[in-house]
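Take a look at these structures.
Here chain A shows up in two complexes: once beside chain B, once beside chain C.
So, the complex of A and B:
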C-alpha cells in the first residue's frame, strides 16, 4: 500500500500544480457572475437558480476535468518515460495504476471541496442580499398580511440555504465524476491517442444517459426487434454506466431529494462500476507493452 | 556467476491491427557476468532498447528464456536488486532533485531511517548537492542525467542498467559518469551500458555485444576484440624523422616488420577536461 500511496501523492501533487486552481477560478467566476443576474425571479427561485446553475457547472467542469486528466494520465507517463522509470522499480503494474487512480480521485475530491466552498460562500452572500431586500420591504410595508408573507419568504430562503441535502448533491456529483474518470481510464489502457480516449469517453457519457432506456427496452420489448438491435441493447445495458441514475441532483434542487436507500443504491452502483472498470483497466494494463 | 542470461530470445511486435509484425530481436543469446561492465552496442533500431526492456520486464519476449539475477524479472524481489536509468530521463518535473530521490527510495522499499543518509550520499556522488532543492524543470540535460543515475542507485542495486548514460552531458559530466561506472564496478556491481559513444564504451566496458537488425553479430572481451594480436605499439620520445631508417634496420635485425610511424596525439576530450577543470 505504501507504493500505491506514494504514487497517489505524486499524482495529486502534479494535478494541484496544473488543473485544480484554474478550474476552480473558472467555476467561481461562472457562479458568482450569474448569481445576481436573475433578480426578476422570486426570492426563493433566485436561490434555486443559483443552486441549479452551480450544480450544472460543477458537473460539467468536473466531468471535463475527469476525462481530460484521465485521458492524458498514461500517454503522458509513456511520453515522458516516467512509466519506464517507475515500472523498472519493484512496483506492480496494478499498483502503478491504482496509485494513479487514487491520486486522481483525491484530486477530484479536492476540486469538489473547493467548488463546494465557493458555492457555499456565494449562496450565503446571496442569502444575505435577499434578506436585506426582504427586511427593507418589511420596514416599508404597514400591512400585517404582507409582513407575514415576507417573514415566510425569509424562512423559505433560510431553508433553501441550510438544506442538508446539498451535501447529498455533492456526493452524487462526485460519483458522476468518478464514473466518467473510470471509463476514461479503462479506454486509455487500450487507446493509442489521448484524443481517441476523450472522444470515446464522451460518447460513453452521452450513451450512458440512455442506458436505463436501453435496459428497459431489453427487458420489456422482445417482439419485432432485430437481433442486431437486441445485441446493441444488451451491450449498452451491460457495459455502459447508467448516468441517468445520477440525475438526483436536479431533484434535490426542487426539494425532492432521493431517500437514504436510493443514495445507498447509487453510491453502491458507483463503487461497483468503478471497481470493475479499474480492475479491467489493470488487467489490460498488465498486458501492455511500449 | 551470471547476472543476466538470455537464451534464444526473440521479440516480434505487432505493428498494425491487421497483425503485421516486426521482428525486433532474433534468437538472441546473451550472458552478462556478475561484477562486469557490459556494453550493448548497435545502431538505431538494432534491438538494444528492446533487449533492455525485456531484461527489465517492460516487454515480454515472444520466445526464449530470460533470467535476471538467477530469477524471473516478474518477481518484485528481482526488481528490488536492479537499478535503471532510461534514455533521456524525464522524471516528475515538479519534484526537486532531493524529493525525487526520496520518492524513488521509498518506492524501492528503502527504510525511512536509512533514506536520508543515502540521499545525501548520492547527491554528493553525482555532484548535485547545490541543485538538490531545485525543481527538476530547472535542471539542465546533464543534471537530469546525473539525478537519473542517482535514482537508479538509491536502493543500492546489484545490477545497474544504463541506457545512453552520457547522452546530452558535457565532457566533464561525461567523465564523471564514466568514473562513477568504474566505481560501481569496483564496488562489485554489474553494469549494463547501452551507448552510441564507442570511445566511452571502450574506456569502461569489460565485454561488449554488438547488435545489428535484431541479431547479435559480435560478443566478447573488449581487450581481445580490439587487440591486433601480432602488432605492438611503441611510443618513443624525441624521435626524429631522419632516424627512421636506422630504426627500420634495427627492427630487421630482430626479424620484426616496421608497420608505420605517426605522431602521438592527445584526444580532444582530455584537452577539454584539462582546460575547463583548471
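So, the complex of A and C:
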C-alpha cells in the first residue's frame, strides 16, 4: 500500500507540472470566471445560465483533462524509460497502475476543488449584483405588495445560490471524470499510441451518451430491427457505460435534484465501473510486453 | 515450441479473463441502469436531433444538454426581440424537450406563446382581416395550452405549472371553473404561495359558484387562526370577499363570520 501511495504522490506532482493539464485547468477557471456575463437576462435565467455554463465548462475541461492525463500516462512512462526502472524494483504491475490511477484521481480532485472555488466566487458575485438590483427596486417602490414580492425574490435568489445540492453536482461531475479516466486507462493498456487512446475514449464518451437509447431499443423495440442491428445494440448496451446516468447535474440546476438513494446508486455505479475497468486494465497490463 | 505456445495461451487467458470480466459486469450493470436511469434522465426524443444542426447534435450527445438548451433559449430571446414568432416557437419547444424538468422553460415558453404571440397575432397590422387575426390568436393560445399540458405531464409535482395553467384557463380561455381546479391543485403543495389560495376562491366567484367560493373563503379564514403571522394572505381582502358573499347569499346574521358589519 505504501508503494501505491508513493506512486500516487509522484503522479500527482508530475501532473501538477504538466503543461497541458495546467493550460486546461486555466481555461476552465477562465471560462467559469466569465460565466456571469448573462446580465441582460432575468434573475431566474441569470442564475440558471451561470450554473449551466459553469458546470458545462467543468464537465468539458474535466473530461479532457481525464482523457489526456490517462492517455499519456503509460506512453510517457515507456518513452522516459521510467516504467522499466520502476518495474525492476519490487513493485508489482497492478501496484504501479493503481498508484498511477490514485495519483490521477487526486489530480482531478484538486482541479475540481479549484473549479468549485472559482464557481463559488462567481455565484456569490452574481448574488451580490442581483441583491443590489432588487434592493434598489425596493427603495424605489411604495407599494407593499411589490415590496413583499421583491423580498420573496431576494429569498429565492439566496436559496438558489446557497443550494446544498450544488455539492451533489460536484460529486456527479467528479464521478463522470473518474469514469472517463478509467475507460482511458483501460484503452491505454492495449493501445499503441496516445492519439489512439484519446480518440477511442472520446468515441466511448459520445457512444456512452447514446447507450441508454440503445438499451431501450434492445429491450423494447423488436419489430423491424434486424439481427445485426440488434447485435450492435446488445454490444453497445453491455460494453459501454451509460453517461446519461451522470446527467443529474442538469436536474439539480432546475431544482429537481436526485434523491439520496439515487445519488448512492449513481456513485455506486461509478465506483463499480471504475473498479472493473481498472481491474481489467491491471489484467491486461500484467501481461503486456514492450 | 511447447513452451512458447503455453506462454501465448497463458497470455491470451488474461485477455480472456479481462473480456469476460467486462461482459459479466456489462450484464450486471444493466440492472442498475434499469433501476436508476429511467428516473434520472428524461427520455430524449430522437426527433429532437432532426431539428438541430450537427454541432448541436454533437453537443447533445456529449452531455451538454443544458448548455445547448440555454443557447437555444438565448436565440429564442433574440427572435422575440425581432418578432420572429415561428422560429422562436420551434426553439422554445425544442428547449422544453431538452430540459423537461425545468419549470422555468415551460412557464416562459407558455407565457410567450399564449400571451405575447397571441397578443401580437391579434394586433398584427399586416393582417387586415379581423377574423384571421382572431383565429391566429386562438391558435397560439391553444398551442400554449397544449405545451403547458405537456409540461404538467413532465412536472406534475411542482405548484408553478398548475398556477400557470390556472391563469391561462382563466385569462385566455375564460374557463374559470377549470382555473379554480388548477389553483386548488396548486394549493396542495407545501411551498405554494399565499396568493394561490385566494385565487381558488376568486375564480370560483368568477365562475359564479358563489356557494363554493364562500365555503373556500371561510376555509382559508379558518385554516390560519393567527392572522398576524401570515400578513401575506392579505386578510383585509379575504374579509371583504367574505362580507360581500355573505350579503349576496343572504347568510343569516347569526351564521355570518362578521355579523357586526
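The criterion applied here is as follows: the second predicted complex is superposed on the first by the 270 of 290 C-alpha atoms of A that agree within 3 Å, B and C clash if a C-alpha of one lies under 4 Å from a C-alpha of the other, contacts with A are read in each partner's own complex, and residues count from 1 in each chain.
One rule holds for everything that comes next: a residue touches a chain if its C-beta (ideal position, glycine included) is under 8 Å from a C-beta of that chain, and two chains touch if they have at least 3 such contacts.
Everything quoted here is computed from the prediction, not taken from an experiment.
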{"item": "First (chain B), second (chain C), both or neither touched by A:133", "value": "neither"}
{"item": "Comparison of chain B and chain C by chain A residues contacted", "value": "C"}
{"item": "First (chain B), second (chain C), both or neither touched by A:89", "value": "first"}
{"item": "Touched partner set for A:49, first chain B, second chain C, both or neither", "value": "second"}
{"item": "Chain B versus chain C as contact partner of A:81, first or second or both or neither", "value": "first"}
{"item": "First (chain B), second (chain C), both or neither touched by A:283", "value": "second"}
{"item": "Which of chain B and chain C A:266 touches, first, second, both or neither", "value": "second"}
{"item": "Touching partner for A:213 - first (chain B), second (chain C), both, neither", "value": "second"}
{"item": "Doubly contacted residues of chain A, that is, touched by chain B and again by chain C", "value": "none"}
{"item": "Chain B to chain A touching residues, read off their complex", "value": "13, 53, 56-60, 76-77, 79-80, 82, 84, 86-92, 94-95, 103-104, 106-109, 148, 151, 161"}
{"item": "Chain A - residues contacting chain C, complex", "value": "41, 44-45, 48-49, 52-53, 55-56, 59-60, 148, 152, 176, 205-206, 209-210, 212-213, 215-216, 237-239, 241-251, 253-256, 258, 262, 265-266, 268-269, 272-273, 276, 279-280, 283-284, 286-287"}
{"item": "Chain B contact footprint on chain A (complex, rising order)", "value": "2-3, 6-7, 10, 13-14, 17, 80-82, 84-92, 289-290"}
{"item": "In the complex with chain A, residue positions of chain C that touch it", "value": "10-11, 14-15, 17-18, 21-23, 25-27, 29-30, 32-37, 39-41, 43-44, 46, 58, 60-67, 69-70, 73, 77, 99, 101-104, 155, 158, 193, 232"}
